[in-house]
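Labels run A, B, C and D following the written order; every chain starts at residue 1.
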Amino acid sequence: MKRAVAMAQFQVEVVANRALTGGYFVLELASEQDNAVGGAQPGQFVMLRGEWGRDLLNGRAFSVLEAIDARRFTVMLKVFGRGTGKMREMQPGERMTVTGPLGRGFPQPDAQPDGGAGSGRKQLLVAGGVGLPPLHFHARRLVGRGKADAVEMFYGGRSAAELVLTEALDEWGVQTVLATDDGSRGVEGRVTVPLTARLDAAAEAGEAVEILACGPTPMLAAVRELGLARGVPTSLCLEEMMACGFGVCLGCAVPVYGPKPYKYCCTDGPVFDAKEVRW
Amino acid sequence: MSAPTPTATPVPLESVELACDFGPLKLRSPILTASGCFAYGQQFAEFMDLRQIGGLSTKGISPLPRHGNPLPRIYETASGMINSIGLENVGCEAFLTEKLPFLADLDVSVWVNFFGTDFETYVDCAKTLSEGGEGRIDVLEMNISCPNIKKGGIEFGTVPEVAHRLTKACVEASEVPIVVKLTPNVSDIVAMAQAVKEAGAIGVSLINTITAMAIDVRSRRSRIATTYGGLSGPAIKPVALRMVHQVAKALPGFPICGMGGILTGEDVLEYFIAGAHCVQLGTINFSEPGAALRVTRELRELMAELGIERVQDAVATLGGYEAEPAHAEVSPWA
Amino acid sequence: MSAPTPTATPVPLESVELACDFGPLKLRSPILTASGCFAYGQQFAEFMDLRQIGGLSTKGISPLPRHGNPLPRIYETASGMINSIGLENVGCEAFLTEKLPFLADLDVSVWVNFFGTDFETYVDCAKTLSEGGEGRIDVLEMNISCPNIKKGGIEFGTVPEVAHRLTKACVEASEVPIVVKLTPNVSDIVAMAQAVKEAGAIGVSLINTITAMAIDVRSRRSRIATTYGGLSGPAIKPVALRMVHQVAKALPGFPICGMGGILTGEDVLEYFIAGAHCVQLGTINFSEPGAALRVTRELRELMAELGIERVQDAVATLGGYEAEPAHAEVSPWA
Amino acid sequence: MKRAVAMAQFQVEVVANRALTGGYFVLELASEQDNAVGGAQPGQFVMLRGEWGRDLLNGRAFSVLEAIDARRFTVMLKVFGRGTGKMREMQPGERMTVTGPLGRGFPQPDAQPDGGAGSGRKQLLVAGGVGLPPLHFHARRLVGRGKADAVEMFYGGRSAAELVLTEALDEWGVQTVLATDDGSRGVEGRVTVPLTARLDAAAEAGEAVEILACGPTPMLAAVRELGLARGVPTSLCLEEMMACGFGVCLGCAVPVYGPKPYKYCCTDGPVFDAKEVRW
């Protein structure tokens, strides 16, 4: 889980700004030269900033949704505050500055044959809201390597409109369970409902599974509870306020158990072992 | 982990009540406009119905008319502006005869911002305005904090004992309640607030501008003819909010009129939570002369959304964070 | 009327000399990077050639390692940000063994920012760093101004006599020259600078962050777990520049390292004109890790354009305005 | 010279952003309802601001170049700092906020039959750089009233590229003298060179003329000198730093002779009698 490629800062142009349902949108960004994001691991992120002058000073963190090729990649987001508000309005041709790829990505299902997380266990991907992009990217990569069946996706949102980019999952043949709070699509209720059933089934069948989750903090807290109670290795992709993204401001502290009370979301994470997170 | 947002039960817009108290005063709305940013009110009548604001603070009045500083007097900086107008004003007499009648007719809270150039003229000014106001002035807002005045001494605004003495004398000379407007250019804002409270001020206005400068590198001169000016606008809001909170915490219940960089209804609510009882809008009036009404509308909507029925329900309600679980080498989850 | 710009004769880019003096120190360039905004330097090597900066100030070092504050620790505000990192650092020992060798190899001016939690630990820290540095540290930048530390007392940074005593003790304990970093949260910055100058500091760093807060109106909590944090970024530049000018005017020739909101080469030149001998770049490093080199390039180009060959030719050169023609009732043109 | 119509604040959309030579550009702005700028007098100005967030707080002042109809008007400008830089990049459809029309315009040639400024004298319009718009508008209005011969234009710039919108003047039949510092168009030298000749000729012929001037301060100072030395009524359209534009910030003071030492550019001006300006 070392950083796969050197980070760097470079300029990109907005190639497309595509609206999805539920207020989500996808920005496609391209640089003139090859950039390091092309080699990003799922779970890694970039810091993005437009030509915004003296206000909105720091970059904003976004998980890579897809590294299309050595020059183009996408992120998926929705309007949250001022920065994302400006990004919603961006037109093709406008320029942004990118730092990345940053952080450490998800464990690979076949990365470590030693029985720990990422040891060939079936990966249950649990996504909520803007937590989808890194898991979608993770699924895409595995599909690309012919391993669609190494993962199952559990994806929840408030209503049907908030579940996006599911066609791709279908197309790839990734088994996907959807859940909405209002029952307008998939299972009615939180995504933890079908996840619980799946975990229980796995336990009964003696099937080795692990969880990779990304989404709102209450969801992550619930998923951790479910996973760790059953002894299932669980990785959480966290969000913290970030100023730099590369380990120098010390703003993105994550309270952890271990030799030191804090780790850093941007350099030690954003993916953390659920056991070590001190919430 | 940011803790989850406490779930608020919205209330209907109609049940939001903006009327509130500022010490002995009743305000129809907690949103006033700030001294020096609203002149004497008239010009704004072209942009909005002035009767809908909670009140207004006039340009600072001195015993005699003043002409103000040489130019340039203003300069824009990052999310703010610097000004050194020089306390230009029409003087007590012209104010009372030419400006006050218009304000009195509005039936909003009239705060007359005033200052002197030394101890005696401060007291004179308070006395003249109090007497000449004939009940039409609700507050004398005593500005002891103007960075742009040469005579009169920085000590009024920065030395608690001096501020105490001056406030006491003005309180004694005036029938009208006195609110002291403090400068942020001090090490200890609480000591200043405490001093003027004990001298009989009914409240404090926080904050005036922060002394600042900007330089034109081509002419190698300050962007402001008097070298320094006062910084206002959104840039200073975090500093103002901190001072409001410090004073509210140290002097619970003591009325604070908060200001500095307010642009939105959400900004106003931040000031209430920090401990302000009412607020003033300053710099925003220049670019958006109808701002006070928009901000009032936004505040009302936000209060409804968050289930806050009355202004005082929000005042000084800042909560703390739950402690993180104790650190341990070994995870309890392991 | 704004007077016309004095016509400057440009000089070739090659004749611009950035090397300069900071009291007894020789700097290859006046552009350094600021404490807490550059960690211990390593991470920035991925973005630029560190040998091209004038120097850097490390994250503040205390005698023992510190873990820092609970989260949230940072929040963005209008043209600025608030931080309350809590002075997290690796401690003197680890700094000397693990971090300093990398910095010493860079051959730039190494400023080690340090602090203690009380009088004794300040002096200890200065002594340990001075001895353990073995000539590889150019400046000990004493931070008496951190708003985020609970113990140790706000008085170090706000009471001239206390600052004097502390500085004197550290100067005596250290072979390495001491620059004192002052807090802007004071009524009288000149008194503070004067006090540490007389105590033997070779210069001052101006300014540290301004104490500030922001509130989340939905959770009714501060955006910063420790309630207050320090405001940095372009929002504070006008305040920083004013303080640099005040100190430069009161203590001519006394070296000042200016900082606060620098984003461009033009910003740097403003600091020189106000009286800074060198500058540090802080917050900008987060969003633009290569900023120091861009700013250096911009400064060089601007100096060439304006015909300024050496940094010291610009230092403390603020001019004044010509007086306006005297006022008269009748125009001389009439 | 009282304000002709009530000022107000209203929203407009950018209809067009047309580049001219020399870095100048013209913004055409339109509101959905009729606005008061439709009735603006030449010399009056508007405060303009885009949706720029918390930085670039105050509006920027621009003379009205043309009030096309009750909803549409134009301004002409060039990039000066951050605000005008953003305006250069504005695209049709983007929104701005307008306050105006503000201030007092130029004297009309036939306004005051009492022998003072504006008493049917021939008006010599002296424009430099961004000082063109109000005088161009003034000429346009007079032409519209069939009085092209009530004015003569003296227009100077550094080089040919900096002289813009001259075709319209030709079309209207407004007698125009151009001057460039480098001689690339019209007379070589400052605009004051042909102006001096013209003033001397008028003096010799006993012709009643007056001067209306707008441009850089050094030009205005020179024009004042020329005009007043010859007893020619001279009006100067001034620029001062402005925060509000409607008389409340007191930022835009202009030093004057008279009962008080200062008047205000935004409410007493921007057009001032050259005699009263205290430079």
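Rule of thumb we're sticking to: a residue touches a chain if its C-beta (ideal position, glycine included) is under 8 Å from a C-beta of that chain, and two chains touch if they have at least 3 such contacts.
The chain list, named the UniProt way, goes like this: A, D = Oxidoreductase FAD/NAD(P)-binding protein; B, C = Dihydroorotate dehydrogenase.
Just so it is clear, the structure is predicted and the values come from calculations on it, not from any experiment.
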| Longest centre-to-centre distance from chain B (Dihydroorotate dehydrogenase), chain (CA-based) | A
| task | Please work out the Cα centroid separation of chain B (Dihydroorotate dehydrogenase) and chain D, and write it as a whole number of Å. | result | 38
| query | What whole-number Å value describes the gap between the mean CA coordinates of chain C (Dihydroorotate dehydrogenase) and chain D? | reply | 45
| Chain centre separation (chain A, chain D; CA means) in Å | 56
| In chain B (Dihydroorotate dehydrogenase), which residues are in touch with two or more of the other chains? | 1-2, 70-72, 78-80, 233-234, 324
| request: For chain D, jot down the residues that touch at least 2 other chains. | output: 54-56, 255, 261
| task | Could you draw the chains as nodes, link the ones that touch, and say if you get a line, ring, star, complete or other? | result | complete
| task | Sort out for me which residues of chain D touch chain C (Dihydroorotate dehydrogenase) in the complex. | result | 54-55, 217-218, 221, 224, 228, 238, 255, 257-259, 261, 274-276, 278-279
| In the complex of these two chains, what residues of chain B (Dihydroorotate dehydrogenase) are touching chain A? | 1-2, 4, 78-79, 324-325, 327-334
| note | Per the touch rule above, chain C (Dihydroorotate dehydrogenase) residues touching chain B (Dihydroorotate dehydrogenase) in the complex are 1-3, 5-6, 8, 70-72, 77-80, 82, 158, 185-188, 210-215, 217-222, 225, 227-228, 231, 233-239, 241-242, 245, 261, 266, 269-270, 273-274, 302, 306, 317-321, 323-324
| What part of chain D is in contact with chain B (Dihydroorotate dehydrogenase) in the complex they form? | 6-9, 47, 49, 54-59, 97, 99, 240-244, 246-255, 260-262
| field | Footprint of chain D on chain B (Dihydroorotate dehydrogenase) - complex, ascending | value | 36-39, 43-44, 46-47, 59, 67-76, 78-81, 83, 85, 88, 233-234, 263, 283-290
